[in-house]
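As written, the chains take the letters A, B and C, and residue 1 is the first residue of each chain.
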Amino acid sequence: MTPWILQALNGISMGALLFLLAAGFTLTFGLGRVVNLAHGAFYLLGGYLGLTVLRGTGSFWLALVAAGAGIVAVSWACDRFLIRRTRENVLGQVLLTVGIAYVLADVCLAFWGGSPLRVPPPEFARGPIDLPGGIVYPRYRFLLILFGALVAGVLWLLYSRTQLGALVRAGVDDREMVDALGINVDRLFALVFGLAAFLAGLSGVAGGAFLTLYPGADWDILAYALVVVIVGGLGSLGGAMIGSLIVGLVDAYGRWLLPEFSYFMVFGPMALLLLVRPTGLFGREA
Amino acid sequence: MSASVALEVADLRKAFGGILAVDGVSMRIPAGQRRAIIGPNGAGKTTLFACLTGALRPTAGRIALFGRDVTRVAEHRRAAMGVGRTYQITNVFPGLTVLENVLLAVHGTSPRKWVMHRPLDRYSAARDQALAALARIGLDGRSGVPVRLLSYGERRQLELALALVGEPRVLLLDEPAAGLAPAERVRVGETIAAIDRRVTVVLIEHDMTIALGLADHVTVLHRGRVILEGPPALVRDDTQVREVYLGHV
Amino acid sequence: MVSLATLAIAIPALAAPWLLGTFWISLVTQMLILGLLALSVDLLTGHTGILPMGHAGFFAVAAYTTAILEVRHVQGFWVSAGGGVLVAVLLAVVFGLSVRTSGVYFILLTLALGHIVWGVAMRWTTFTGGENGVSNVPPPAVAAVRFADLSVYYYLVLVVVAACGLGYRRLVRSPFGLALRGIRESESRMRGLGYNVFAHKYAAFVISGGLAGVAGVLYAYWNRFVSPAAATFHASAEAVLMGILGGTGTILGPFIGAAIILGIRNWVSGYVVWWTSVMGLVFIATVLWAPHGLLGLVRELRRPAAPGSPPP
């Protein structure tokens, strides 16, 4: 019984991390029709930035915030000078953001080198935690689950209970209509894009604590985040939540039961799902 | 009945979420008739068309084409069965030349569209057919021009030509005069009037002159329902129709 | 019959091994192989208007199949090469169902599917050798001719690529090719005109996958070693970029693009460590300033209005 629960916890904690990344990606697309394949690079760069701040100040919280803020700045610059010029041109946007990702990854390599680096978790999050049922689990990953749930809860409240959230939902539904109502959709989008960037940078630090940061981690994590977004449906926050849980759990059990086919376990069902429902579980027409 | 029924619609319904765009529409259009469907904006005309061509699946109801049930038949199959359509917002192939646009229409209803090993030029009969169609609308001199360089009026003509080339039995025209200058409207009216009488023409139009001038029979839609049906003279003088148009801001 | 342009390409191509040293011949061979991969992608991006981001999967699957058949089962050229292409086609038959999706979903789905191939190549170590891959692929022996020498193998590649190029040319000039371009311009209108858009896209995808497989087979014999590196997202992305850089919708464009990318990689990486950034900058610059590629720029400058010419 115990190994099954342990793997479930692995899956849920991975899902929590994936949610942080996927939520921003899916809302950015839903509202602005922007596909940002540099999102994984944002994660990696954020993680490295946070690590440097952590080494300099000793504060994990400061590292989280600095990583988030740093990526907000980077993403703002990318949007302002580059991404904005490819609106409506999906092909161009995909290639452009891939190019940005390549440059950012190289910058990371230049400043932080090629060896995997681990972000040391804060004191209170180190070591094991005793859970009911005699289960012993890494404290950090357990706290990550709580953190992910917290962020999910806050986002969900903002999304479904506030006027701002209503505007975002309306914009995802029908951008032209919101525009016609006199609301500055561009500014709304900038807000969502900024939030997505903040979460990406922050998740780099969070992920760096147990997955480590290394060249290639940007694409590794992005691939998983994309599965979440595809399964959950582009533009759906709820879909991102459910999708990250599913992907996290399938990945954990897959790696444990069939390590040689774990990739296939995660991506295969996704492909099958799309055959039946081309827009994912809760998505809308692209 | 002696003349066959080209298009029969029985209690058609189409819902988008909670909104019933088409709410129980029934129509019977005999072969060769010119039917105009009019009604204020949002009456459900274009949605009805989309259901007739197969672009949308109706929520309920039945559609029959020359007696055959086509409610669940895919759009491209209905086109092969003789349904042609034009679009309210011009829907042509802007990155291709004028000739290529019409060639696509010519090849569309033949198995030639699956040929992968012979060049297009080999099919001279198709090419002649395309050029003839272009000549009818006066665009044969511009056959090599990319469509995105054509004027709006020329594109609208091409829009119609694409639908006619396939020699449809039922032609659905969605606001063919939309956005045209008065002189061009007259020309469009004349083109439609000149269509072979064996073709059943159903048209949506806001321009009353064209709609009532061309039609044998008129269906008035309002909020997804048929509120009146009859010859143009009857519809023109009906008070309810006036109210619906004038009262609808 | 034979145009000046064709001669201008054919003569240097045939004479190349006498004009260039081993290093350059190897590079030109690689350019032909990757150009063929880029061409297969361009059938979808340039003509059909969809963006597959996982085509290295077909390339790699064919390369692995050929390598494994040669190395472990000593099957000889025809079986190994044929097997490679066949497996790529079979994979395309399965993955081709992805054309049911459109727009961004298609892009992301093909990206993920390509990633599956990479993941299987990495993790299924008992079969693919994992990171170590399959090595010591022998040179192909075609009817008692051993293409052991790189210069000689170059001719085999040249013949195969030229044949594929001519076949491709036929395909894009046929009614089917025109139908693909119609789909690119307006899927809805195509349906209204009687085209089964899904079936056409699916057929194009399978053909494209098969062509990518041919490139993969040639790659296995050229590189003599196949590893998961052949199936990475980077390989897929570069294949897309090569077509765009050289000029989408053309036949020479993908090869020109391949030459440029390989040139950058080989030249720049000799000088700087940060050549990945250079590649990234090339991506960015192409999108912003040369969206129709080099041939597109050339076409802009010449400005003819040739009827029936491939569209920008």
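Please note the rule applied: a contact is a pair of C-beta atoms (placed from the backbone, for glycine too) under 8 Å apart; a residue touches a chain by one contact, two chains touch by 3 or more.
Note that the structure is a prediction, hence the values are computed from the model and not measured.
Participant: Please indicate which chain is farthest from chain C, where distance is taken between mean Cα coordinates of the chains.
Facilitator: It is B.
Participant: Hey, which chain is the most central one here, using CA centres?
Facilitator: Given all protein C-alpha atoms shown, the central chain works out to be C.
Participant: Distance from the CA centroid of chain A to that of chain C, rounded to the nearest Å?
Facilitator: Centre-to-centre distance between chain A and chain C: 32 Å.
Participant: Between chain B and chain C, what's the gap in Å when you average each chain's C-alpha atoms?
Facilitator: 42
Participant: With chain centres defined as C-alpha means, what is the inter-centre distance between chain A and chain B in Å?
Facilitator: 47
Participant: Spell out the residues on chain C that touch chain B in their complex, using ranges where they run on.
Facilitator: 170-171, 173-179, 181-182, 184-186, 188-197, 200, 305-308, 311-312
Participant: Given the complex with chain C, which residues does chain A contribute to the contact?
Facilitator: It is residues 29, 33, 35, 82, 85-86, 89-92, 94-96, 98-103, 105-107, 109-110, 219, 223, 226-227, 229-230, 234, 259-264, 267-268, 270-271, 274-275, 278-280, 283, 285-286 of chain A that touch chain C.
Participant: In the complex of these two chains, what residues of chain C are touching chain A?
Facilitator: So the residues of chain C touching chain A come out as 45, 51, 53, 95, 97-98, 100-109, 111-113, 115-116, 118-120, 122-126, 233, 237, 240-241, 244, 273-274, 276-277, 279-284, 286-288, 291.
Participant: Report the residues of chain B in contact with chain C in the complex, numbered from low to high.
Facilitator: Residues in contact with chain C: 53-55, 74-76, 79-80, 84-85, 87, 91-97, 99-100, 103-105, 107-109, 112-120, 123, 143-146, 162-163, 166.
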